[in-house]
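So that you can tell them apart, the chains are marked A, B and C in the order they are listed, and the count of residues begins at 1 in each.
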Amino acid sequence: MRLEPIAAPSPARTFAPPAIAIAATIAVAALLAALAGANPAQTLGLILKGAAGSKFAALETLNRATPLIFTGLAVAVAFRARLWNIGAEAQLYAGALLTVLIGTQGLPGPLALPLMALGAILAGALVLLGPVILKTRLGVDEVVTTLLLNFVMALLISYLLEGPLKDPMGMGWPKSPSLPRDTRLPRIIDGLRLHWGFALALICAASVWVMQTRTTLGYEIRAVGLNPDAARFAGIPVTRVLLKTALISGGLAALAGFSEVAGLKGNLTTDLSANFGYTGIVVAMLALLHPLGVVISALFVAGIFVGADSMSRAAEVPTYIADLLLACALLFMVLAILLTRFRVVRG
Amino acid sequence: MTELIDILLSASFWAAILRIASPLIFATMGELICERAGVLNLGIEGIMVFGAFAGWVTIYAGGPLWLGVAVAFGAGALFGALHGLLTIPFGLSQHVVGLGITMLATAAAYYAYRLALPEVTNPPRITPFQPLHIPVLSDIPWFGQALFSQTALTWAGFAVTGLTALILYRTPLGLALRAAGENPQAVEAQGLSVTALRMGAVITGSGLMAVGGAFLTMSAFSSFFFEMVNGRGWICIALVVFGAWKPGKALLGALLFAGFDALQIRLQQTGLGQVVPYQVFLMIPYLLSILALIAMSRRAEVPAALMTPFNRGDR
Amino acid sequence: MRIDPMAQGPVLRLSGITKRFGGLIANDGISLSLARGEVVALLGENGAGKTTLMNILFGHYTADAGTVEVMGQTLPPGQPGAALKAGVGMVHQHFTLADNLTVLDNVLLGTRPLLSLSSGRSAARARLAQLAQDFGLAVNPDARVATLSVGERQRVEILKALYRDARILILDEPTAVLTPQEADALFDTLRRMTQQGLSVIFISHKLHEVMAISSRVLVLRHGRLVGETATAQTDRHQLATLMVGAEITAPAPAKARPGATLLKLDKVSTARQGNRPGLEQITMELRAGQILGLAGVSGNGQGALADLLCGLDSPTEGSLTIAGTTPQAWSPRAALDHRIGRIPEDRHKTGTIADFTLTENAVLESYAAGGGWMNWRAARAATAGIIDKYDIRCPGPDTRIRLLSGGNMQKLILGRVLETTPRIILANQPVRGLDIGAVTYVQEQLIAARDAGAAILLISEDLDEILSLSDSIRVISQGRLSPDFPRGTKTPTELGQWMAGQGFDHAA
């Protein structure tokens, strides 16, 4: 077999493969539920209900989506430039760390919060800058270095939380002191458990969209991602573009840490992130790297996680069904997108 | 300083190196075979997780030890087949598919584990491979304990390395694999199927990665627990680069790496461990891997067609 | 031993071969046959369908209709292995060698059962030496292919086919990378082969070669077989007309009136990059209103000189002066700022971004003017202007450029360059792979730019192109530059000697 590009895909070509991918993911979900001895339809219903069946469930999903929008954007920006940032997890923790460090200095809230966000962005950017410099200077593959740095960062955070940053009032648990009330992100509407981090995520998504479509930097990033040789030939400073991309991507991932600490948790622990950095890759890929699509796909992914959590309390189906479904969705979707543009021919 | 000398003189230190290196050797050879044929397999981390589970669950269900190894290999090969299908005939991004396979295999292992053992907090233990007593050699004082107190699986790892080198450099199959990673057009023009060669390499390589994972449950820790692979797969990718895509050098890299790992574990118990937080010691493997990548960055002889899909129509 | 080619049936017969790519028909019911011991030339423009036809014969492609018969046996479609086994060998235009392997290993690849336990190198070595001697194809079997010259690589490709007992050898544009002298040596080898009863299909678009080597000519145009004749009964003029379907009128530039010196290289050297030689103490001048042709065998430093002028590479020694000023920092951006227009060698890999639209490609070198913001409206309008003025056939400025033909792609690049009225133009293989209409168009535009006062450096591996367009010619060989030969002062043979590296020591 081989692949042949389709010059002008028909509507059926454009919409059928993704639809089949979604159907296939649902089929896998049913199969997994059946494997666990549960009723597939009931399990799916419970996931749906757990994700969006009540005001509480919907708010839970929005809260869960917030860090995923940030990490999804971080990945989407980087992948556009073919910069394989698999280190959003580390950048998230770097951001969370700076948020706690600055937030516990006793500064007044209105001054502290912007500083915390800024500090987080810088920290996240710096964490990604290292691998990117190694890539542009020495040709070291950034996939492996960013992945490895996730483990290094986790150990660094663990050390800090057991050592210098340990909360004296924490009854021995490895966690940081809590942020004072005025350095936390307020709720958007009183009484609703949804903080301004979510709004910030939406603003970031819109800004990234404007950046990608309207600015020269967005144009440069796409050119470098699609064909670095042609970009260099045309006078685009490829290395500088990659460094700028790294700063934006690392900064966005770090904002996930800022938002989780300042908006939701109030302190830093070693389990602050439920693999938000890695899940951001799925979010970005399902959104086809489109910044506004990231918002939708983050809501979808968050819904599956929240729904699966809720479902597993009622049915005997492990919550890991969520991770399994997302991995399937990712693989089905990349194949489906390919099939919207190519047809498989014999020979 | 004397503590360091004590460590270096203890036979158990050298035995630990071989033990720590074993899973890395299997998985590194697996990755090396894939990359030599032109496919970067980032599924390695998840395939190791699944291999660890598959091997463990076979024994837990009452199967013989070598059946566990075979089941792990088979499961890894299946994930390899999926990776290969998506990246070779369909030519999808090896980065995205590889990470997807890692997520899939990891989640599948955890899901299956939870299905098998819904409520267990203490992971059940199995009876693992026992050290193989080699007549004469194992009885030599010090050396016997240092070098010849390993399980059969460790020796199998060395055998796999030798076999990989032999096949790559001494057989027509190896020649074809090396050519497929360098210039797939050359392979096709000589009447061979690039797709078949690369599929074979990824399936076999993924099987070996899973055996590397299985070593953890079946020879090192005796039980399966979450996060047990802990980045070893990524380290193996660095080891392939460090070994300049050559089996012998990659083996040396794995041993060297295991040496540092064994050393840091022991240094934690010394006076140094009182001063330096244990997390710093645990960082060493990851930092070393990054350093290895930096050190080899200029000299590495990367297969020219690595990560380049081959579509028969394009020329 | 001389065998009468007509005494036996044909060794090869293609019947009714048809192949479509999407909407394009690449081969339309082509039939041909090949007798033992003959050389058939397959003549046609770029895109006429020659290579596609041969790729079907060899099994790289599967035909939509038609059959391939070798020695009376029908070949299964889409299986190069079957073609090889039946005695078909193919030397591709882009060599299919693995650089990391030795010559011997490249020859051995695929010749033995994959699962056998020995590599079979020692027996192969002796056989290879014998073949090399029989056919005059000397090459070191233990050299890594990465270290070989282009001519040596071609010999390895031919040896690969001979090693597998090829009875039919297909050569796709084999002389494109050779000096005239090397091409003659290749022709000698081919004659030895036909004397031994091998048959050869020789793909070319160069008429004089076809006249020199073939016994029969088949002409393809737009995927159809439009002519078949014994070589002795035709002439170049008739073949040319058949090939393009009309009389060719090559552009004939008027006499140049060179003006001020716009580009000056003084003893410039650049670094070697892997296999590619750097420049060695090159001194040259390029003047306004002049086309300077740079001839040479591929891989002799053309790439280094092009990279230097594009801004991709900087001199390690010597100086570069543009219109009297020496640039401080040298980069692609600096080259553009000094008004150097660049037509790159590879329009797919460096000239355009395949997944960008025409508009996005048109502004690649000028997008930054808006101070951080893209002005898409102006960009689209400018692109629509280029589409109009340069007659680019496309649905519109929002079409992805990957859907355009090579000629239309090149016209966009040409428009992008010429619309900035550059002082200096680097045209690196500007017409390679284009059909004759596009070739003439691009060449006329270059001549017009010259007449408007631009200084043009034309790099080409096609000596005919250099001879017809250049006001003066220099030859590059192993990074060294010959003296300036004004138009009409050197014959192709003399230039060929320079291309082979002769004469440089006396000139130095």
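Convention: a contact is a pair of C-beta atoms (placed from the backbone, for glycine too) under 8 Å apart; a residue touches a chain by one contact, two chains touch by 3 or more.
All values derive from a computational prediction rather than experimental measurement.
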Among all chain pairs, the one with the most C-beta contacts: A-B
Centroid comparison with subunit A (C-alpha atoms), farthest chain: C
Whole-Å separation of chain centres (CA-atom averages), subunit A against subunit B: 28
Between subunit A and subunit C, centroid-to-centroid distance (C-alpha), Å: 47
Mean-CA-position distance for subunit C and subunit B (Å): 45
Set of subunit C residues in contact with two or more other chains: 61
Touching two or more other chains - residues of subunit A: 4, 347
For subunit B, residues contacting two or more additional chains: 312-313
Residue numbers on subunit C that touch subunit A, as the complex places them: 21-23, 61-62, 77-78, 310-312, 331-333, 335-336, 342, 344, 349-356, 360, 364-365, 367-368, 370, 372-374, 402-403
Residues of subunit A touching subunit C in the complex: 4-7, 214-219, 222-223, 226-227, 229-237, 346-347
Residue ranges of subunit B touching subunit C (in the complex, touch as defined): 170-173, 175-176, 178-179, 182-183, 185-192, 301, 303-304, 312-313, 315
Of all residues in subunit A, those that touch subunit B in their complex: 1-4, 32, 35-36, 84, 86, 134, 138-141, 143-145, 147-152, 155-156, 158-159, 162-163, 278, 281-282, 285, 316, 318, 320-321, 323-324, 326-328, 330-331, 334-335, 338, 345, 347
Residue ranges of subunit C in contact with subunit B within the complex: 55, 58, 60-61, 79-85, 90, 92, 94, 96-101, 105-106, 108-120, 160
